[in-house]
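Just below sit the structures, each encoded as structure tokens.
Note that chain A is present in both complexes that follow, paired respectively with chain B and with chain C.
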Partner chain A sequence: MTQPSKFLPQFEKYQRLALIIGVVGLLISAIGLFTNNDQFLQSYLVSYVFWMQLSVGCAFVLAIQYLVSGRWGVVIQRILEAGGFTLPLMLILIVPVLLGLPTLYEWARPEAVAHDALLQHKAPYLNVPFFTFRVLGYLVIWSAIAYLQRKWSYRRDTLRTEESHIRLKNFSGPISVVLGLTVTFASFDLMMSLDAQWYSTIFGIIFGVGAGAAAFAFATIILALVREDHVFSGKLTSLQFNDLGNFLLTMVMLWAYMELSQFLIIWLGNLKEEIPWYLLRTSGGWGGMGIILVAFNFVVPFFFLLLRENKRRYGRVAAIAWIIIVARYIELYWFIAPTFSPTLTFHWLDLTLLVGIGGIWMSLFLWQLKQKPLLPEYDPRMEEESSYEHAATAEAV
Partner chain B sequence: MTKLYGLLAEFDQPQPLLDAARAAKEAGYKKMEAYTPFPVDALNDALGRKDSKLPFVVFLGGVFGGIVGFGMQYLSMGVWYPLNIGGKPLNSWPAWIPITFEMIVLMAAFTAVFGMLMLNGLPELYHPVFNAPEFARASSDRFFLCIEADDPQFDLDSTRRFLETLNPENITAVNRSQGDDPTRKKVLSDIHIGTEKWEI
Partner chain C sequence: MLHLDPKDKEKLIDPLFTTGPTFWSVIAILLAVIGWGVYMYVRQLIFGLGETGMQRPAYWGVYMVNFIFFIGISHAGTLISAILRVTGAEWRRPITRVAEAITAFALIVGTLQIIYDLGRPDRFLYLFTFGRMQSPLLWDAMSVTAYFLGSVTYLYMPMIPDMAILRDHCPESAPRWRKKLYTVLALGWRGNKTQWKRLEKAIAVLAVLIIPIAVSVHTIISWILATTVQPGWHSTIFGPYFVVGAIFSGIGALFIAMTIVRKVMGLEEYYRLKSYRNLGLLFIAMTAIWFYFTGAEYLTLAAGQQTAEFPVFASKLWGEFAPGFWLMVVLMAIAFWVQVVPQILPKKAENSFLFKPGLAWSSGVAAVAVFLVMNFSRNQPLAAALSQPNIRLIGWIIAAVLFVVGGLGFSMWLKTRQVTAIVIASVAVVIGMWLERWNIVAPTLTHPRLIGFWFYHPTWTEGALTAASFALFILLFMVFFKLFPAISIWEIAEGRAIEAAEAQVEVALPEPTGVPQAAHEGFRK
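Presenting the complex of A and B:
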């Protein structure tokens, strides 16, 4: 039953490769640390937030799939577990951001706070010790959640009892509340406070929905790559890809809904504390990036995923998942980078740091993924389906 | 011209029904329908049904709702009764989006509900399949495949033999009209199903 995955050699190969790419990427980036410290930190923040939201998105979607008990959840559960288990790495990689707070955040510069009444007013919340405590707190909580999710899922494999599954389910309810709150505050702290004058209460949800979309997209891409593993034979059909496609559709629609809500309220209100955030992001080349973002994070995936044919073919769902992930990076770049530069810029450090952190992330992910078979050894949801050919419309993939 | 509606094969599991539907499709039968107590995902395909036209119709309904929703606001606020609100442009399209979105959802939902009813041929007040007393169990624990007499390939004898090869629990003839119809008696008097002789 538990013979190792046929992708094990590939996992090991790519795990090493990803680690090498990651280390080389970070070493090259280290040159930038000394030559252009400001740019290094700015690029680091974008790349860090991108990989961090993917990790926490995986933990979030994992909790959701236990709660709703969909059959789509079983096939991506291991991928999400492994993705969430990269959170301890994120706890280490936050260090450069915390060391560079005065470079990144206006409120962390005493000379800026001295001349700004609003920043002084916000100082009890936005100050270096409390910020550090909060951000480390989120990451510790997330890492603990990912650890418990993995531990109890492994225990379920051993015990093979309904109770062990119900325990995971019961755990998922409260933690999705905890994740919802911590993700909201993490987005406020790490990204919204870049522009300390600006505030938007819906920002946390935009960030959280984007993270969920990215996690779904990531899981879909990986599932499409390992679809031929023997554990999936007879269990993985085009119906699961259809479900994942529907989820991606839901997530891009939800994202567009939240983004539009924020934009509409700020645009209609036209207040001087709020509108500069959009003025900055719709001029100097950033506006074009915003249009690309709307096109590839909403318009293209939306119309593509409306067609059932497109959702049932793993190749097409995976292709649109790639678009959503890339658009997610564009979104985070569009959120963060304009704070530091009024005109559209890219720096080679953006690329090397994205690849550097990403390589180490992927390496840890693959190491975690190969620990166990790609399907849970026990899940009550799998037994429901064996009674008869429930999914026969689905062509085998 | 027979008054027979079709032959109804009864199964006690979904899987034999699926196999039977596939075999019937394979054998070239087109006019057939399956009845189950709960949805069986694979049946549509097994019966050789084409994808429903409904999604496309719903899409058109949504597009229509979007055009109406946007046009209503644009024409009234921007053209017919232009009103300067807070110095915003007359065509303040971001502000039109929520109503446009709601109209898309409303029209798509209406099209989905009424289109579904129409494409399903509902409301239908009478269906011959209820003439078979066995059919009452279709809503509890039996799975039925009905090959209709209108099918060009339908032949009472050969279709019955074909259905027998599928090992159903039993096979019933379904009368087109209610009540004791002498034609049904004549047509079916010599049909043997299993060890039972039909006595109608």
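Presenting the complex of A and C:
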């Protein structure tokens, strides 16, 4: 058995602190629930989607790192497991959204549907019972996946056999297929259906890539914080931060590619069904926010991460990861909030709910993180890696 | 004189200088097909595009499908080889040359399609003289040109050391022009340290640069379609959808090409199973991603319910384009099946009655029979009975069950034949991807927003030119590999050196403790 993490006291301290902050944040937000119900739900949706995509992004990246063996996967595996294990919490926290459907979604208001032929046409898919069933379904599936990922990983720690690892790897293929499909549909349901007139075939992938980027960024930040743990000695070097930096670079490039595809095709097509979505998001102050988004979700990280020197230093990679996480929140805000307000607005509830849900999320995350040593106790990838491979890939990238 | 392993000389260099009758007869057949194509093209040039099945509003047809298809195939090479080089995958070594050659030739044949498609081929130049920055056609011309130049360079650079080897080892009996050719192409390569360093640096840089160019090529081809507002084309997912499809069909083409090279040239010991297995994993992943993208495309369109989109959508799912659409889906499902199911079938079940060859054969034949009777029966009362929805449904279920039973038995047979399975999957994918492009191009054009329906029937002109294009592709491939080795000799040698070095590292590891050194030594003797 390895000795307990040297960060254990900190984990316990911050776990308690996060819980207190979370509960206080939610209590303050509860005032808003009674004074300004609509605003509460709108702010809640943004904050909820932000933390939900981080959880599911962790589960997804966890599956991917088993499939694509690499030295970067082993060191962030525990962080991703703990991040994914917050999904059951997300299953509980969805309740306010489901109760407030008519406030949030036009298609859930019978009087709006009665006057709109298109909404009537879409009613077999977009109706309250089916929507509730679907969203709960995604969350149940995701929670089950997170539970199984943790269970099989713990089993691998006890059995310490090659088979237990291969089993984990083999299940990651189907798991990533299921996650890919459900995340796509979840983004269609929770976000795209806010404007039921509008649709974009690439939207699910944009959301998925963003969630993956958020998970990579989150794991990088946490890894940089706990880098001095005993278990990492001799195993965690600047090469892993280099790898994570490369992944962040790939993710921001993919994101920019997808966003450009969507924007260019809608802009050139100039169809009256499609452009209102962008018209709304480029006027009334939202346009400025869009520019900030492009700057901090693509331009700054892209040029920063091109330089190897910046990827090798944990402090710099972590800093850029922070920027990507913040930009991710801006993106989701820019996706969701303009539906409810044609001009750029912020409400104190946006902040309290973000912190409230986030506090509870972090508390659960830290509680989960401290259960086991920060490195898996057995992983064939740790033994396999020859020094040659390290040097060769490090030179190549 | 550069060093050359005798085995490499025997397997890779000697065949370049001996040509058998099979080679010439295949060349003759290919030239005949190309000749037919040239004849039909001249006819088209004289009589105009009326010789083809294209007519307003279907002003793009098989040529455009071929164009997208060949450019897609071209992603086999450079993109896959560049990605594998960048990630340092050791198993890439034997396959990069074939992959890069596919790219160069597919780009040549693909670009020719655009010339065929123009009634006045001279107007091709207008693209450059009157090109407009806003037009995706100009972007396309730019990106394809950049990709072609990049790919040819990328094919050529790793060939330089091999050219020097050929220059030094060219047999006396060989024609003089060949020795001269290799001497020129070797660029005075002596294999000293500086040269190696520069070459490897250049290859590494080019590999990184070529990935975004390759992605841009098929993205922009998709934008030629997607930036219109045509129903079925105006879809935001098209860029990545086309890139995924291109890589997917590219891997399929690569598998087919490398298996042919492996068989014909007897290079089994170079193309080891490991390359097949690893590239196969990528192939399975691409199959899943392709299904995801296709699903996202069609399901979102179904949910969008745009009035103009729906007729196009319906024509593919149950209208006049349904056979092509469902054949594509079935082919992709078969590709997925033969890759995945044989791997997960338990070895123990081999003796179960389900996997007996007799059962597999009979149910397969029965499935085909049921399918044929249901769709092509000429017997009046039988056909009338079969047209009832309930009976049709039952018939489809019976055919599907028989098909699955046959497939299961076949999978057991494939379990130990991995290369065969991958080749079957590759053929299915390559045909399926051609059909995919057909399903994208044709239905949209025959269902425009205003003018009425017109079905597009390709004529013999298009058929001949398509056949000639494939023949040209194969011909280029054959001639190229008659002149140059099919495998990068120096990269294989480098791989061997690395393996040897790793083996030595293992020997150098500390001896297990507790065993006295001397005793161990004695034991060994």
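Please note the rule applied: the second predicted complex is superposed on the first by the 383 of 397 C-alpha atoms of A that agree within 3 Å, B and C clash if a C-alpha of one lies under 4 Å from a C-alpha of the other, contacts with A are read in each partner's own complex, and residues count from 1 in each chain.
Here, a residue touches a chain if its C-beta (ideal position, glycine included) is under 8 Å from a C-beta of that chain, and two chains touch if they have at least 3 such contacts.
Since we're looking at a predicted model, the values are computed, not measured.
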Open item on the list: I want to verify the contact counts: of chain B and chain C, which reaches more residues of chain A?
Closed with: C
Open item on the list: Taking the superposition on A as described, I'd like to know which of chain B and chain C A:V177 touches: first, second, both or neither.
Closed with: second
Task: Partner chain in contact with A:L264 - chain B first, chain C second, else both or neither - done: both
Open item on the list: If we overlay the two complexes on their shared chain A, which of chain B and chain C does A:F34 touch? Say first, second, both or neither.
Closed with: neither
- [ ] Could you tell me if A:S200 is touching chain B, chain C, both of them or neither one (first, second, both, neither)?
- [x] second
TODO: Go through the superposed model and pick first if A:R308 touches only chain B, second if only chain C, both, or neither.
DONE: first
- [ ] Find the residues of chain A that appear in the contact set with chain B and again in the contact set with chain C.
- [x] 264, 268, 270, 388-389, 392-393
Open item on the list: So in the complex, the part of chain C that touches chain A is made up of which residues?
Closed with: 85-88, 204, 215, 219, 223, 226-229, 234-240, 284-285, 288, 292, 295-297, 300-301, 303-306, 498, 501-502, 505
- [ ] State the interface residues of chain A toward chain B in the complex, per the touch definition above.
- [x] 239, 260, 263-264, 267-268, 270, 306, 308, 388-393
Open item on the list: Per the contact definition, I'd like the list of chain A residues that touch chain C in the complex.
Closed with: 67, 118, 121-122, 125, 173, 177, 180-181, 184, 188, 199-205, 257-258, 261-262, 264-266, 268-271, 273, 386-389, 392-393, 396-397
Task: Contact footprint of chain A on chain B as seen in their complex - done: 13-15, 18, 40-42, 44-46, 51, 55, 59, 86, 88, 94-95, 97-98
